[in-house]
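Got a structure for you, questions after.
Read from first to last, the chains carry the letters A, B and C; within each, the first residue is number 1.
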Amino acid sequence: MNRIRTRPARSGLVALAVVAVGLLATGAGSSVAAENRTGGTLTIGLAEDPDALDPTLARTFVGRMVFLHMCEKLYDLNARLQIVPQLAAGMPTLSGDKRRMTIRIRRGIRFNDGTLLNARAVKISLDRHRTLAGSARASEISPVTSVDVVGNYTVRLNLNARYSPLTAQLADRAGMIMSPKQLDALGTRFASNPVCVGPFKFTSRTAGDRIVLDKSQFYYARSKVKLNRIVFRIITDTSARAANLRAHDINVLDRIASTDLPAIQRDRSLRVLKATSIGYQGISINIGNKNGIGKPFVNVGTPLASRRALRQAFELSLDRRVINRVVFGGTVLPGCLPVPPASPYYDARIKCPGRNLSRARSLIRSTGMSTPVHVRLMIGTDQVAARLGQVIQSMAREAGFQVDLQPTEFVTALRRQDQGNYDAFAIGWSGRVDPDGNIYQFVHSKGSLNNLGWGSGRMDLLLDNARKAATLKARKTLYSAAFRVLRSELPLIYLYHPVNRHGVTANVKGVRLYGDGLIRAYFAEYK
Amino acid sequence: MSYVEATPLSARAHRRRILRRRFLRRPAAIISLAVVVGSVACALLAPWIAPYSPDATDFDALLAPPSREHLMGTDDLGRDTFSRVIWGARASIQAGFFATVIAMAVAVPIGLVAGYYRGWLDTVIARLTDVLLAFPFLILAVGLAAIFGPSLLNATLALGIAAVPPLVRIARGEALALREEDYVRAAVANGANDAVIVGRHILPNMTSTLLVQATLTIPAAIIGEAVLSFLGLGVQPPTPSWGVMLNAAQPYLNEAPSLAVYPGLAIVVVALAFNLLGDGLRDVLDPKTQR
Amino acid sequence: MGVFILRKLGAALIVVFLASVLVFAGVRAIPGDPALAYAAEDRDPEVLAAIREKYGLDDPLPVQYVNWVGLALQGDLGTDTRGLPVAETIVTRIPLTLELAGLAILIGTVIGIGAGVIAAVRRGKASDYAATTVALLGLSVPHFWLGLLMIMVFAVNLGWLPASGYVPFREDPVENLKHMLMPAIVLGTGLSAVLMRQMRSAMLESLGADYVRTARAKGLSEWSVVGKHALRNSLITVTTVIGLQLGALISGAVVTEQIFGIAGFGRLTVDAVAQRDYALLQGVVLVVAVGYVVVNLLVDVAYSLINPRIRVGGGAA
């Protein structure tokens, strides 16, 4: 019996030793400088931890929010989502054949390390975006074949094809210009201490916890910058984020969950900013992705894949308004197109169908399929995805569909989608300013994210022409026609557009929110 | 040998009568047995007991307070919470029972071998058990869920594996002690082979200890299932499980706190019943350690 | 002595090596391409290929392993998907979890030992039954549920304590403790229940022993008898129980961090799995394995120094 005694006692000692070491480390490890709240520190609670803070490599939505405060771009969006010059001196000029784009750069602008912004710096950054291994920007500006410095403050982008969305891309991360000096010093480790042109400069980052930015002394419009410091705190739990805002521990809350909204709205010391996202959420249906993405389409043979009438019946069994009310507490915008109503390309003449059970049932009957018709629906593993899936399941059941929910962890789900190992997947897209970014990759038969395995010659023609068309009117006509094809074929059942709501404490003013859903707090101040 | 085999019937019957009398003197044990039987009945007979189907939604009665129609109110999708609590017993009892069975099936043979043969094998097993004891089962479960996908089966497996090391330790200790008993020594001296000794003398004399341990492993596994389902690593919606219900209730702590109360109470009541029953059984079967 | 330490050191190295292989293979057994996790929305084939190349994911596994170990030996655990050094991330996250665990052990020990001693001394009285019942209840309550209830009562309704989050101790010690109090209580509950039961039976055993009767007969006061045994037993019980509960404590910490939004080590691990962040996950598990081995080694050596006859874990009893 003695032996049995000594063993646990020993591992107990192990535990105590570990803890003792830890308690010592607690004192040493946490060395974040004390913040001076009244001196002008704004704390923003982010919903996720951004990835690399390197404009060439970054991919996350929240990362864009951080970049807005420290990395300016050649072009920017205004409140109406129109493209306006930022570091560029004016809108780009295109050559007659639309294959050469000339951009003039503003003079006298300094990076946050004090070095000067010029055409050479722009070329270095654009070339890095185009060619660095692992660049997330390369595909965004892939038609750009080379960049020429044609003057101290002028660059020329040479394209291999007409590409209307290019300016929009240069108004996002692909248009961010990094300090050549810092690039020389850090290379691929640029993310550890990024230096750009911006109202704030990077100070420090603790993974999974916080990112600290301080006011830049080199920024060209520094008189507009009132805050001394912006701290991005990462708080992934939605209720925790809400609780922090209500306690005024954070000043700005990135994306309020619908379940937390009532309490925040009741609180007089808080304001809610709201913007409909430019993306969408829907149900992707696997039609012909049998052998994996990029392979020739072969119909997968499931009921929804083989019969268009069943896809229509499935859509008619769903009530978008009920989904909005039950799953989101009425906080999203129901819709059935890849772009939201706020987009200039939206077509109000296309009406979304309401719920129509009898028509859904008769469509199922018309196919001669015996009910229940089986549908495997892959969903995410979070609480909202579970609610959405269960509501869809419950509504579709009444029309004669038996929906089997497959909650799948996100990365596994993406892999299954790319392999074609799914029937239907409730997923969305965060959205791009240009409609091309919401449509082309998914439903063009050559689209790089077409994991529906669906395509049509007519759709390809419409989308290709929309890429080349120059005027808004012409593009609008083409996209309208594309929307109608999508509505009748239903390879993707669009359900709603998220509405981003951000909370702000009432003592802060100047926090702005555009349709891209990004929080802009660089010119914010305390009242 | 013949002496041992000739008398057991009447002796066993006598012992059983004593045990029953001892058990019946403990009200806590009796009540907990009733609760355990009740929860097993809920699990087996849920379709007949529950007033509603667990996934029958009513989108016009979301988060309804308790009423005559809905004893515990409705949840965020308008489903009857009472019915879901009853159905939730299935996942919990399944996980608790099968995890314990898996753990016993693995642990008892290992513990027996280690305790009976001793030597280097025992050392290796004891050492391994020590290491595994300190291994956090949740990390194992996260890994299993990531590799094989989250499900009740995988959660049960993880819980079963997690329960192995302490059971090995107990089985080993028992085997070690029983090996020194006179009748085992006698059997060894008579030249009985190992299988006979272990099967006829050691294992049967461990059963009461093992039974008590099983009763105490079940509630741990029930709580473990709730934890895993709460984290999204176990039972998946829409299947009702107490852990899943608590997970879904988390965003509503402000608006509808009762959603988080009922499933939690169900877990506590059932786990407490198993724990009390285990304590009671130990007192009855093994009066030496009586308090 | 030297030989003994050398042998232990050799064994430890082998364990670390095996752990590193296991970690490396285990991380890759998780389905889902890390390039996919990394690319998120921008996952077209060119991008994925570029990412795979950048992180060397297309290299043969042994090559990847050697590269990883080679750098790890130089203290470089690579960079995670945020482009930050893994080693730095680990160093900043460990203290949170250790503070949580330390406070939980403290709370659990104080409550468990106190209740255990009282229950044993007042055996059969109301306070014994109360303590025993509460301990059993503590074993039957899932701690995440207790956490939810506490948030509902103390944060939402009464507003006494923050619902979640973490403030570094250096920044504001009071806020730090306020944030840590609920999580530590939640995590300490199970421990205190187990401790209470063990302590009670250990005390009962020794209070009934002959030498205690002798001590009493010699006229020593009841409290000095109890006090002496309480002290001795609590030392043994605490080390025994904490050793047994270490795994449960770590599991509990993961859940507790989840509920209270503490960006600790457990959270880091779970996030790394979700992100398929190979470098981070490998780093995390390797650090844990090495830490475990090193502490074990130190304890072994310390044991043998204290009492050279004890060769812990060496040979049969």
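Everything that follows uses one rule, which is that contacts are C-beta pairs under 8 Å (C-beta built on N, C-alpha and C of every residue); 3 or more make two chains touch, one makes a residue touch a chain.
Every value quoted in this text rests on a predicted model; they were computed, and no experiment measured them.
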Core chain by centroid distance, with centroids computed from Cα atoms only: C
Comparison of A-B and B-C (more C-beta pairs in contact): B-C
Centroid spacing, where centroids are CA-atom means, of subunit A and subunit C in whole angstrom: 36
Chain centre separation (subunit B, subunit C; CA means) in Å: 24
Centre distance in Å when subunit A and subunit B are each reduced to the mean of their C-alpha atoms: 45
Residue numbers of subunit A (touch at least two other chains): 3, 7, 11, 14-15, 239, 409, 412
Set of subunit C residues in contact with two or more other chains: 31, 243-244, 246, 249, 258, 292
Numbers and ranges of subunit B residues touching at least 2 other chains: 133-134, 146, 250, 253-254
In the complex, subunit A residues that touch subunit C: 2-3, 5-19, 21-23, 25-32, 34-35, 49-54, 57, 59-60, 133-136, 138-140, 189-192, 205-209, 234-237, 239-240, 243-244, 247, 249, 293-294, 409-412, 414-415, 418, 429-430, 441, 448-449
Residue ranges of subunit C in contact with subunit A within the complex: 31-33, 36-47, 50-51, 53-55, 79-85, 88-89, 91-99, 101-102, 105, 155, 162-165, 168-172, 236, 238-244, 246, 249, 258, 260-261, 263, 267-268, 271, 274-276, 291-292, 295-296, 298-299, 303, 310, 312, 317
List of subunit B residues in touch with subunit C within their complex: 118-120, 122-123, 127, 133-139, 142-143, 146-147, 162, 166, 219, 223, 226-227, 230-231, 246, 249-250, 253-254, 257, 260-261, 264, 267-268, 271-272, 275-276, 279, 289, 291
Of all residues in subunit C, those that touch subunit B in their complex: 26, 29-31, 123, 132, 136-137, 139-142, 144-145, 148-149, 151-152, 156, 200-201, 204, 243-244, 246-251, 254-255, 258, 269-270, 273, 292, 313, 315-316
Subunit A partner contacts - residues on subunit B that touch it in the complex: 55, 57, 59, 62, 76-78, 126, 130, 133-134, 145-146, 149-150, 169, 173, 232, 236-238, 247-248, 250-255
